[in-house]
Amino acid sequence: MSLSKKSPIVIEQLRKRQMFDLITNGKRLDGRNLEDIRDLEIEIDIIKKADGSAKVRLGNSEVIAGVKVETGAPFEGLENKGALIVTAEVLPIASPYIEPGPPDEETIELARVVDRGIRESQMIDLDKLVLIPGKTVYVIFVDCSIINADGNLFDATSYAVVAALLSSKLPIFEIRDEKVVDTGKKQEPPITTIPVSITSIRIGNNIIVDPTVEEEACMESRITITTNSNNEYTAIQKGSTGYFTLEQIKFAAQTARVKAETLRTKLKELIK
Amino acid sequence: MDQTILIDENGKRTDGRSIDDLRDVKITIGVLKNADGSASIEFGKNKIMVAVYGPREVHPKHMALPDRCVLRCRYHMSPFSTDTRKNPAPSRREVEISKVMREALEPAIMLEDYPRAAIDVFVEVLQADGGSRCAGIAAASVALADAGVNMKDLVAACAAGKVNDKIVLDINDIEDKEGSADMPVAYLPNLEQITLLQLDGILNESQFNECLEKAIHGCKMVYEIQRKALIEKYFGNDLPEGEEKELEENKEN
Amino acid sequence: MSLSKKSPIVIEQLRKRQMFDLITNGKRLDGRNLEDIRDLEIEIDIIKKADGSAKVRLGNSEVIAGVKVETGAPFEGLENKGALIVTAEVLPIASPYIEPGPPDEETIELARVVDRGIRESQMIDLDKLVLIPGKTVYVIFVDCSIINADGNLFDATSYAVVAALLSSKLPIFEIRDEKVVDTGKKQEPPITTIPVSITSIRIGNNIIVDPTVEEEACMESRITITTNSNNEYTAIQKGSTGYFTLEQIKFAAQTARVKAETLRTKLKELIK
Amino acid sequence: MDQTILIDENGKRTDGRSIDDLRDVKITIGVLKNADGSASIEFGKNKIMVAVYGPREVHPKHMALPDRCVLRCRYHMSPFSTDTRKNPAPSRREVEISKVMREALEPAIMLEDYPRAAIDVFVEVLQADGGSRCAGIAAASVALADAGVNMKDLVAACAAGKVNDKIVLDINDIEDKEGSADMPVAYLPNLEQITLLQLDGILNESQFNECLEKAIHGCKMVYEIQRKALIEKYFGNDLPEGEEKELEENKEN
Amino acid sequence: MSLSKKSPIVIEQLRKRQMFDLITNGKRLDGRNLEDIRDLEIEIDIIKKADGSAKVRLGNSEVIAGVKVETGAPFEGLENKGALIVTAEVLPIASPYIEPGPPDEETIELARVVDRGIRESQMIDLDKLVLIPGKTVYVIFVDCSIINADGNLFDATSYAVVAALLSSKLPIFEIRDEKVVDTGKKQEPPITTIPVSITSIRIGNNIIVDPTVEEEACMESRITITTNSNNEYTAIQKGSTGYFTLEQIKFAAQTARVKAETLRTKLKELIK
Amino acid sequence: MDQTILIDENGKRTDGRSIDDLRDVKITIGVLKNADGSASIEFGKNKIMVAVYGPREVHPKHMALPDRCVLRCRYHMSPFSTDTRKNPAPSRREVEISKVMREALEPAIMLEDYPRAAIDVFVEVLQADGGSRCAGIAAASVALADAGVNMKDLVAACAAGKVNDKIVLDINDIEDKEGSADMPVAYLPNLEQITLLQLDGILNESQFNECLEKAIHGCKMVYEIQRKALIEKYFGNDLPEGEEKELEENKEN
């Protein structure tokens, strides 16, 4: 059951006022313009035991994603496709407000939205990851550990997943005598496009991109928009308990396409 | 995906609709004896029941909010509601839909009118077709009104999507599975506010705009059905057109 | 661990007195005689996606049962029989006193008692639902959603299960090349008898049949008695924290046989 | 079912008993050092230990009842107690039996003597044979007496059933699996109250009456064994018949 | 998450003082010397439905262990060995301080330490318990029910497990037509050594062996040391929130070797 | 076990170390922005991050202790940290390690300085090699110091073990799996207290003593690395040897 909760993060009245005044003038507490994205740092191959990995720092939000490839049964209804599973855990090291335990609805939403961003863009050609049609397929896990939380975990986690997948080397499995054998060889993942997620929030009548945790504590609504390498929209998720007008959504959508380009260029460099 | 022919040469969809047609929608109010408010909706093959309990005390008490009402929302599917039997334990999908559904309803409810209380919205999907979250939101909104909860507007909901490269209204089950995009939207028609928006699938810029606008148009169609159901229930179905309007307007103020 | 709890339903002293006075005079708050059963309405085939379904209204208690047929391994110790599984959930829409969550002991008892009522009467000839003896059998789920709770959920749920099974059409599975194949054809379920559950409660020294939720809040003990088409007893469950005398049990048992007949006639009509 | 020969031409059952015989029953009191009251029972091949803790404080406090004691009951099987290893997590069967067991014991306990307190009855099945719930109730009742809990009566328990078309007393494991009816009963012998009654299997009207009466008769036999165990424990085993009776009667008042 | 808790067992100040004074003089509340082990009683074959069983009484601590043998897949990484699984439950009948429920960290530690004591000593030659290498092996469950808790559950449980295994008769399974068949015959378990666990605690600067529950409530640290029939160390677990000095550990280790001998002799008698 | 050649004819181990060498250890302090104290450690191929939160309020309040601080500790492995993917749900192994880790840290912390408060130590294993619990304890101890928590001593930790019949320092992953004994130890170097000790595998008496002493020696080597990391962080890395010592001593008082 989902229920309305008080945010555990309390912003002082004075600071809130300051934030609102700045935003009205097109500026933010950390000096950014409304549509500016924080610095993005990407390190890859940081977990040698994984088949692909990346550590992403978006401002002070930090996420590690690790790719592990196994074989298994395909999903029901998707018998002739490899399986891709994205999970996320906001670790208790990430923030004073996180209690250890099974994932809550925020984290479940986070993992599912990041998963859909990757899946709906068809980033990985899952048709190429079948060993025995209907029975045995590649199963790609991308597990995300959020290690420092400072807002916009949707985008930070998405970039970590994309970077980990782009830089991954998949083991080559074969079927011999009806058994799965790891050949010890590696293959490039069958990448078809690079999805980029851009999250905006509404504070008052302003749309601001890539919010910090402080800004999120004051937001009325949130929207996460993913585009692919063709600049098409592939996934959207509106969140939080406020609304958007049609114009605000169109504005956020337009911003998402524009902003994604620089980030996509940065992510594309990981493949070479 | 989307290689199946879902729209024929005459522009007819698998269930005979044209691209701008809504499926048949039927809303019945007050279907559950014990609930403070309730509604059932048939939206295509979706069969959904919604009960509203509250405003009432919050348990445990520390979950109460000093300045507003706690809205609680559960979206749940009966095991027999789907093609393959659904495990009765709540899935991650149901957890997420419960959340976006709650967030779609909150902006319409005058939660500040009921500080320290809770309103519970339970949405039970008895038979699932494409678009069950939209159908659930539409029914929930009517059930809230039936419970007498103060609202700023009704919440209408409808999806649009892309099928065989065409933007179509109100995606059904086959179109959801075989089509190439699905965009559920919830909308407050009088306040012109979008309170739910999701997209799965690929749309270019113009398709995106067309799809979003079509979904909002669908919401307005659903809104008319919600209104009619409420008017029929509370004023009988023989009010002259004018009075009907007026009553509605009073209600909205 | 089971523990004594206060009933969440509080009946006012005055109303309780009134109920007791009436009962002493052989009458009940809703005008019924002690041994009267409320109106029973049955609708079938209300869930097209199920292999059988029914909505039952017993007074204001309403239950929907849906039949879903799969294949799977047989139960341990019952290797050469199909499997029948009855589940129940008292949905939170059903009453202000239900919290969503995993089934509590009341609901577990409800599902198990209804299940035994069906199973012990051998309503379905499970010997006929075997595909590969010891290995693959038909698995029939009958899932019950209680949507409005106004007492005597035992009987209401049982009638819904019986009606859903009677009106069901089972898919015909076959084994081809060691795999289960759905032929797309349908068969009648192998029905052998029609079990009917009749629940009585004791208030003071009176036995009353088919209690409402108000009456249950005042009961001392409860007894659910199932009989089959031959008027034999097939399942019994005494419940609640009071006792019965031997005479009271015999009386309730006799009542159960008599009362079952009308209901069985009504259920039988569903088959044609 | 019931095609196996479970009663031979001499009227002897698989374990050598006649149709009206009880299995060997042995009750030992005070077997657990830490418990406030305890008893072990061997009932055929059943081996069960029961501990009673309380009356004691209720945790968490809001579970306490203002006018009576909370009775808590757990029926649990050790993983090695069954033919096939039992998963240690509580099964739905154990949940149900815990409930009917509690409901079978409650009418015998003077719960109103201990308002706001709790009494815990833990029943551990170390080896399971047919009839473990009855054996558990009988032992629990003795353990409650051993803990000095005020009681209106002991709770005796025994099953009867139908095997090869005959009504027999005290169903064992094979008879439970291969026989055609099993009816466990709990009974307060002095108050003549039935506090547990279940039936699995098919009985016609006269069989039903015979079975129920036979089970009650079995309860009375079990009651004598419970009484003897208590008397032996508390008064030694050499009391003259008369005094024994009298002491028991005083105890009951 | 593990967290520091208050012991539920409160020892009165006066009794504590008395315990400390006695210990300083080399004596204990129950009259034992510091290195004395309480009386150990072992009964075997008490659960006929198990493949081996034992009831152990160490002072007032009582444990029943039951062996059940099945077949199944081997553990990952141990494909050519039988599987041995030790579980423990401190039953609520065992003490007023036990709440029914899933195992807490104390019980998980207990089961794992007892398991390692058996496993690391290689008591059972698991290489001999393979049916189809890498696929089907004997799975030996040793489940422990603690029925009365009066301290040193580590050793009491370990002795119960060892006694149950020593006295067990394993079913002989065979593979026929790719299926597992129970031949109905029995075999001796392949025993290689007899591990004996000896637990000591530190109170002040004194090391005392085989503590009661009262002594444990006053302990600063605990150490459980297992040796095999060759008098070698095979498993150790330090526990509780205090420390040991190097000398204290060496002393406890020496004591464990010496004390184990008598107990091992006693356990050895079970085999004949 | 232990038939694999893990030490070659030149006394070199699989990773090139001699039997008394520690793997490369690198500690970085203050790596997590939100934490009150934090450290990351690379210990061979182990990559571990530790955050300390607190002293802070205890939730729920009844868990607080009147006379001392509650220490809470979680050892957790990310799913990608192991050769085969680890299920995200906490395993029994993680529960046990969380406990022994807490018990290894408690003796070093002045818990009585923070009555009614809690200190949380979260240890996240991002990549696991042999000896992750020791590495985690070493990093946790430094993170506690970074959080300004009053401590009696640092907690150093290191394992020793037996490989090809030789006692070697600091067992790595292969040696753990193929070797014949592993003994993790945590040690307060200034107080000379052992706060964690486990053994898996077979050691005779003299091997046991050698192994334990070697592990303690390893702890002292780890302690120097912990100290250096703290000094570098808090005093820069150009302090003269004497002052460094002195500062440390003051800190310890």
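Each chain carries a letter (A, B, C, D, E and F) given by its place in the written order, and its residues are counted from 1.
Quick note on the criterion: a contact is a pair of C-beta atoms (placed from the backbone, for glycine too) under 8 Å apart; a residue touches a chain by one contact, two chains touch by 3 or more.
Source: prediction; values computed, not measured.
*Asks:* Among all the other chains, which ones are in touch with both chain E and chain F?
*Replies:* none
*Asks:* Using the touch definition from the top, what's the fewest steps needed to get from chain A to chain D?
*Replies:* 3
*Asks:* Between D-E and A-B, name the chain pair that shares the greater number of C-beta pairs in contact.
*Replies:* Higher C-beta contact count between the two pairs: A-B.
*Asks:* Go ahead and note the Å separation of the Cα centroids belonging to chain A and chain F.
*Replies:* The separation of the two C-alpha centroids amounts to 33 Å.
*Asks:* Distance between chain B and chain E based on Cα centroids, please, to the nearest Å.
*Replies:* 59
*Asks:* Approximately how many whole Å separate the CA-defined centres of chain C and chain E?
*Replies:* Those two chain centres are 47 Å apart.
*Asks:* Going by the contact rule already set, what residues in chain E reach two or more other chains?
*Replies:* 1, 100
*Asks:* Show the residues in chain B shared as contacts by 2 or more other chains, in ascending order.
*Replies:* 74, 84
*Asks:* Have a look at which chains touch which and call the overall pattern line, ring, star, complete or other.
*Replies:* Shape of the chain contacts: a ring, since each chain touches exactly two and the loop closes.
*Asks:* Would you mind giving the ring's chain order, read from chain D onward, with chain E coming straight after?
*Replies:* Following the touches around from chain D to chain E and onward: D, E, F, A, B, C.
*Asks:* Note which residues of chain A are touching chain F in the complex, please.
*Replies:* 46-50, 53, 60, 62, 64-68, 70, 87, 89, 91-96, 100, 102, 141, 143, 145, 147-150
*Asks:* State the interface residues of chain D toward chain E in the complex, per the touch definition above.
*Replies:* Residue list for chain D touching chain E: 32-36, 38, 45, 47, 49-51, 53, 56, 74, 76, 78-85, 88-89, 120, 122, 124, 126-128.
*Asks:* Across the complex, what residues on chain A touch chain B?
*Replies:* Contact set of chain A toward chain B: 1-6, 76-77, 105, 108-109, 111-112, 116, 120-122, 223, 228, 230-246, 249-250, 253, 257.
*Asks:* Enumerate the contact residues on chain D facing chain C in the complex.
*Replies:* 63, 65, 68-74, 84, 92-93, 95-96, 98-103, 106-107, 111, 118, 177, 183, 188, 191-205, 208-209, 212-213, 216
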